[in-house]
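Multiple structures follow.
Paired with chain B in one complex and with chain C in the other, chain A is shared by the two complexes that follow.
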Partner chain A sequence: MKPDPNDPAWAWAPFQPDGARPWDLRLAAHLYRRAAFGGTWPELQRSLSEGPQATIDRLVHPTPEAAAFNRLYDDYENAAAASAGDGSQAWWLRRMIESPQPLQEQVTLFWHNHFGISNVHVKASASVCRYIQVLRQHGLGRFEALLDAVLAQPAVWICLGARDNGKRNLSDSSIRILMDHYTLGPGSCSDTDAREGARALTGWIISQGELRFVPGEYDATPKKILGQEGDCDRKALVRILATHPATGQWLARQLVRWFISDTAKPSESLLAPLAKQLMSEGNIAKGVEVVLRSNLFFSTEAYRQKVRSPVALALGIIRPLEGRTGTVQLAADLSRLGQELYEPPTIKGWAVGLAWINPLTTLGRAKLAEALLAESGAYGGKLDPAAVASRHNIPANDGGRQFLVDLFLQGDLAPESVAALAAGGSATGSIDARSADLRHVAARLASLPEFQLA
Partner chain B sequence: MRISRRDFFKETAGATGLLAFGSSIPAFLARSAAAMEAGQTSRESVLVVIQLSGGNDGLNTVVPYQDDTYHRSRPTLRIGPDQVLKLDSGLGLHPAMPAFRKLYQEGRLSIIQGVGYPRSSRDHDVAMEDWHTGVLREQMPPGARTGWLGRAIDGACDPGKTDLRGVFVGEIKAPFGLHTERAVVPSIKSLEEWLPTGAAWSDSTRPLESGTPAPASGPPLLAAVAKATVDARVMQQRLIIANGTLHSQKSAAYPPFRLAQNLALVAQLIRADLGIRIYFVELGGGGIGGFDTHANQAANHGALLRELAESATAFVDDLNHDRLLDSVLVMTFSEFGRTLTESGRRGTNHGAAAPMFIIGGRVKGGLWGAHPSLTDLEEDAPKFHTDFRRVYATVLERWLNLKSEKILPPGFTTLDGVLA
Partner chain C sequence: MAQWIPADVPIMVEVSEPKAFLGPLLSPELGKSVTAAVENGKTNPKLQQFQAVVAVLEQQLGTDWRTGLRRLAGKGLSFCVGPSGATLLTADGEDEKLLSKLNDIIWQFASSGADQQNQPETADSREYRGVKTWKLGTNEVHTLLGPRLVLGNRMSFLHQVLDLRADAGGRILASSPLFKAAHDAVGKDAVASVFLNLRTLRETPGLKKALEEDGNPVTALLLADTKAALRNASWLALGAYVSGDKLILKTYTDGAAPEASKWTSFSTPPGASAGLLPPLTVPGTIASLSLYRDLHSFYAAKDALFPERTSGLIFFENMMGIFFSGIDLTEGVLSEVRSDVRVVVAKQQYDPAIGTPATQVPAFAAVLRLKEPQRFGETVEEAWQKAIGLANFTRGQQALPGLIIDKANQDGVNYTISYYRPPADNSSGTVDSRYNFRPSLARPGDYVILSSTDALARDLINAVKQAPSTPAKTPLAANSLMEVEGPALSAILEANREQMVRKNMVDKGDSREKAESDIQVLLAALGHLEHATLTLRRDAGQPQAQLEIRFR
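Let's look at the complex of A and B:
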């Protein structure tokens, strides 16, 4: 098959390395950046020897310890949300850093972005925390189950503007969010469908922070939604929306935007096979797997074609350096750079791509890299590239600089830059000098334009 | 010692080390950075919004001192003809605001009277959100809302570019008015928070960048990020100067108030010519104090108005000294005014219409619109005659040159006679 990113058959076929696209450190790191917020040196090395498909098996299949890990973190998170508030965001960042199944956190963040529920409106961290846990629990399962669980969350109804949705219907604009943004995509349903859909959601009322069904407030007269007639209640509406072919297309587009490229504008026909996969089994994990295994994912259409979000930037420094750095400060720093967890700007989620970047956020990003890698200060110097290098027995002939280039930017640093780096008088002397030098080089690499791209 | 805007460009010329980037930076990037370095960018109009948090008592800000109803309704809070700072038409400013009377006399202060909106809320959060969004709450689900300034910033950002168009300067969480759908609007408590201090950043943007693939021919995303990095380097140099001279600037003219300190920083950022068009600062929020003067209003309100008037006037004088005032407009707002009748606790309760101040080098000056009647009230508060969205439309269309129809709901015409 001839490589053609617009040909659905080629685009979604599993990637097989060949002479033109060999399996190398660049592609292995690309996979780990997109699926796991970045890979450690041992992860990248193992991936190099196992090949892409076996690596993806490892990333998508939950390890036995993941369940135990998540149970523990749910408890920590709930406790934090119940007491102070912002602490639960720090717990989520720590979960992203330490999770045995980082893909699950990446997908949870994807859904957080997709539904765009914000604590700016909910004003109750515990409620948002519970909603995020629902996203995690169902995020790789059937979309219908996810949507059903999401629509059982008070936080969602508050953001939709439906605090007390008795027989008074949801407003047109609220139901439009559910249909045009959460499921079918824009332009797939008529005003009548929207009005009828709103009637299906009557009877649900938020009282004392809980969502309750009041049968007397439910409008039980027959409805006709997207061609389907009957006494359609919330569950039935969820089924109609979650299984509609337009939903498959729309979710496929969102997955491509999240995992493959900020800039690509895939055609409907390109998306069709992925949409069908998502809809036929209704299983999100299978869809994510198709994306990650695909030729398109490993093509130049995808490679470095995403701007790292602040979360992806920070995790892209911390995870490869195997750090256990503090996340309370990190949550505050990421918020300053425009990504406060629990608070996506609107129900459309964060604006991906170049919107993250302006000259001041560029300085802020460099400042964060500097702080993360400093020997002391807010992050306590817990990231130590020299210690990582010696743990993996990296020969220190250049003081470990090439190791950092391979770990952070692989082959994507121009030869002149590599030369400039080598000419910078590396410290091969004392252990302390080498440690300071590698911290400096790591911060320097993380400030480069290339590093801002995932 | 004062620093002038020329000092920024004198001191930064060459300091950004553009020559060190070498030949791989494409010519057009080097040119644009060099132009920015020399301060040759065309200066666009700048809006500075000051939020007065808590509901400012309009009747004791712009005082109807000849109105008997006013005096009868406020036995202890009333400000008499002998205390008020007289303007025109039987109105005067609160005695704590001689600084604003000076601006008024210089023709740099416009007062828009009777501003509010239909069925206005008297709940702080709801009313503030109405003012921040410019779209009344029932018309849009919470999750879809953005701020009116946020929409202006989104509109002023070209897709594919990486310009910085708006910032919040202050200690509290950035107000919802700056909430965007796309652009990141940074909050600045202090510049130190934003400036890398180590060698890693400067090293990475100097020799290493000279080896990056030429952005003009490389992938568009990388080119755009590389451009932002070049701009960031210029910005960093400017910010270092701005920060380093902030103290001398402040001691030159600004009073030692928090609002004044924040405005001094805004003035530095304006001088540094960073392309930022919208600044937002705030007075009264964040816990203690504030304009929500239910009890023992007199001293608290006077102090707040003094902080506002002296800070804003120092800011105006500073910009004027540097001949920058013609490109800057200051606008104040609060979520509501207060009731006419003084409460038993020598305070006032949540009200409705209130005046807004518009300040700058190119305002018409004077009073705009009639003072609201004190006999035709709405639940004891003055009624509005001018919707606040008309003020927004005026600022957007006639000051920022942005199309208000993309930012505000339809039907809000601009006001004549506010701007020169």
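Let's look at the complex of A and C:
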């Protein structure tokens, strides 16, 4: 009997490969695409031999070198931000490429999208850079700690339009963003709750780019928020919102959209176990782990059911090819494709899914793939599929083309695309000709509709 | 060599005296510095591979690479780019035996490698017009003609050259009128020369775009008539000359901007008595620029020079309207400024109480002269204070710290400074880049000094007092003169080494080790620059650039 993806018990049970759903290259690559922006050939091979749960263990738990790596990159980013340039976005992209814990970067990007704070409003890269580092630091921890740390960031207050809050409350729209989008989800609180919540945030002002508390400006009269009464200040408001059951349900929905499917509309009952997990453990890492280990994650409801964002597209080319490219140029190119890090277009983040694709961006995506894989030009030919194939002793009987298909698309290439690829002939002559051919093939593969799906 | 080169090559480089031209580059001192830099970057596998190959060749040839290079190419080098990207390099040496031995070693290595890879066709040797030619890989072909090595990337182009050598017909570059004109202009004293056929090259998209009028006022102001002249030119030549310890590079062209045109009117000194003033120098000068630019004439011709009303230009004019209280920019402001414009860039000292920003921006200043300082000086002061006020207002809107305006006195000259307060908490150890700036304005005599720091403003107050007001001893009709001090340039780059490494990492995607190695090589090479002077002048209507370089 075919399992029911809407059955919570089946959906969130850990995936166990069987004859119908064997652990193969397709599923290993699927896991790496969603959790790590893409896997290298050795990572995929190791995953094949270790199985899904052991692979997820490695992806979820920080490696010993991750802390030192993050400290170093914090320093790079801070210095770039302090130098008045936009270099910190470039450093974040490089961090995504190089990180020994790519899931942490995937989750940081998830929260960046969730909170939607944009430097267009903040106009201070250093402040946004600090905020992103907070997302990274707390992104896999307790949600209450994350929300508390986020609400201590000047960038967030500036973006919520509260440069000078004082006794004047946050605007209706700003408090609604905090309650309806950051925490509870739409329709979970009344206008009175929102007004009382805004009073809890009085006294916090932005001065000289820093968030300061002015006790005299704080409205200390009792408040009643979501049924809880008392002298509720910012800390208390954070606790009320972060621990409310509706928040768990809303965050579970966001995690499913991010990690499983752009288009799924999971029922409340399907989300309930995940929401409960998020609330009871209060630990986002546990929730992410449940998602990644689940039957639902490895089901056909999830497989290739997400459109790659521009960042995921570029990293999906770069990481599997074990390369490094100039990320200043990459940041500019991704911006042209609609995803400028540090600058989500609205407080609700980027419009994901099919919104990434239109005739202009389709062409732009193909051009980016071509530029990344070109022998020279803006990216300096740093990605070399032939060198990767050679490094892993891939037999060159077809010039290495099948290796690229396996690395980039596994078994998901449409028959007509396979035929078109074969019709192109292969260069098995000199090393230079083979290298040029594989660059060309890789760019073509990365331009195919199948590759646009994660 | 031009006797064997087809007439249609657009680029030809000849080094007639390699020892004189490449001497400084092959000097043991520079070699040691670069080698030391390379040693630091030993983790780079390509460098390691290159070093290993050089070591093997040195052993087998029985000579060190520097001596070997002199024996193989000491009598002349040439390089040309033919149609469709074909290239050809020739090296004339004095040791035919050594060249033959080197060829044997490389051939043996290449042919055995091709056999091992089961690709024998990638190493090939054939005769053409009685000359043996070799092909190694897909992009290398060469032949030996006595002590001359001819090396290219296309066999067809090499055959074309051998046809011309055998006098089998075809037009040669040496008889091309354009090449001859360029050759005559460069003269016989040149130790090296470059010829560019602009009629051909102008059709390439990159150069075509570069020579277009881009509507950028800054480019128009700095380059004056250069682009207009090159648009009319058939050829451009570069000659390299050695004079004592100096290497001199001069450009020549047959193109000229129309006389008394919009391009020349603002950059042509009226005579020797009103020409270019000497560049100003202060302690720690990195670069100093002196320009003859009649800003009034320049801006009066703006509709012809940069006709596009870009948003940047509109913003600039609006701001100037606010700063100068609505006085007409061309007739009321720029008409008050004399034609000598000088710019100074210098190393700056930081306040130890604040610390040094990670990126050290050198201090920079523009020095102008007013025609009637008594009448117009305070208007400039007012405009400057409005600009600082506006900057403060804008920063305040972004909740950023603003500048405090103050007055100071240097040697009897009152000047206005502005500065940021020290940070309330500098325990983080990171010093914000705003501390690179302490904008200042000084008006000693008829001078106006607009400086990024007060220290440079003070140094310039002293400098202009001692500066002669007579033209510099520059070539006749010079309109631009720039001097660069090698040690100071090296010092500021050294101070920013870490930032350059990091920039390289994100710009190019290099590993930290590779980026450090590249920057080390750059700094080591720059460390040998003592002084450079660039002059732009006009000779019979044709722009000419001259660069003099003195190495340490």
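By definition in this document, the second predicted complex is superposed on the first by the 448 of 454 C-alpha atoms of A that agree within 3 Å, B and C clash if a C-alpha of one lies under 4 Å from a C-alpha of the other, contacts with A are read in each partner's own complex, and residues count from 1 in each chain.
Keep this in mind: contacts are C-beta pairs under 8 Å (C-beta built on N, C-alpha and C of every residue); 3 or more make two chains touch, one makes a residue touch a chain.
Here the structure is a predicted model, which means the values were calculated and not measured.
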Superposition on chain A - do chain B and chain C clash or fit: clash
Chain C versus chain B, contacts on chain A by residue: B
First (chain B), second (chain C), both or neither touched by A:Ala66: neither
First, second, both or neither for A:Gly209, with chain B first and chain C second: second
First (chain B), second (chain C), both or neither touched by A:Ile158: both
Partner chain(s) touched by A:Pro359 [first = chain B, second = chain C, both, neither]: first
Touched partner set for A:Gln305, first chain B, second chain C, both or neither: first
Partner chain in contact with A:Ala387 - chain B first, chain C second, else both or neither: neither
Clash-bearing segment of chain C relative to chain B, given 45-53, 153-161, 261-269 or 315-323: 315-323
Chain B/chain C common contact set on chain A: 158
Of all residues in chain A, those that touch chain B in their complex: 116-118, 120-121, 158-162, 171, 173-174, 177, 262-263, 304-307, 336-338, 345-348, 351, 353-364, 366-367, 369-370, 373-374, 413-421, 424, 440-441, 443-445, 447-450, 452-453
Contact set on chain A toward chain C in their complex: 76, 78-80, 82-84, 87, 90-91, 94, 123-124, 126, 154, 158, 163, 206-209, 323-329, 379-380, 382, 429-433
Chain B residues touching chain A - in the complex, by the definition given at the top: 24, 138-146, 157, 159-164, 167, 176, 179-187, 193-201, 203-205, 207-213, 215, 219-222, 224-226, 228-229, 231-232, 234-236, 239, 274
Chain C to chain A touching residues, read off their complex: 117, 119, 122, 137-139, 357-359, 398-401, 430-433, 499, 502-503, 505-511
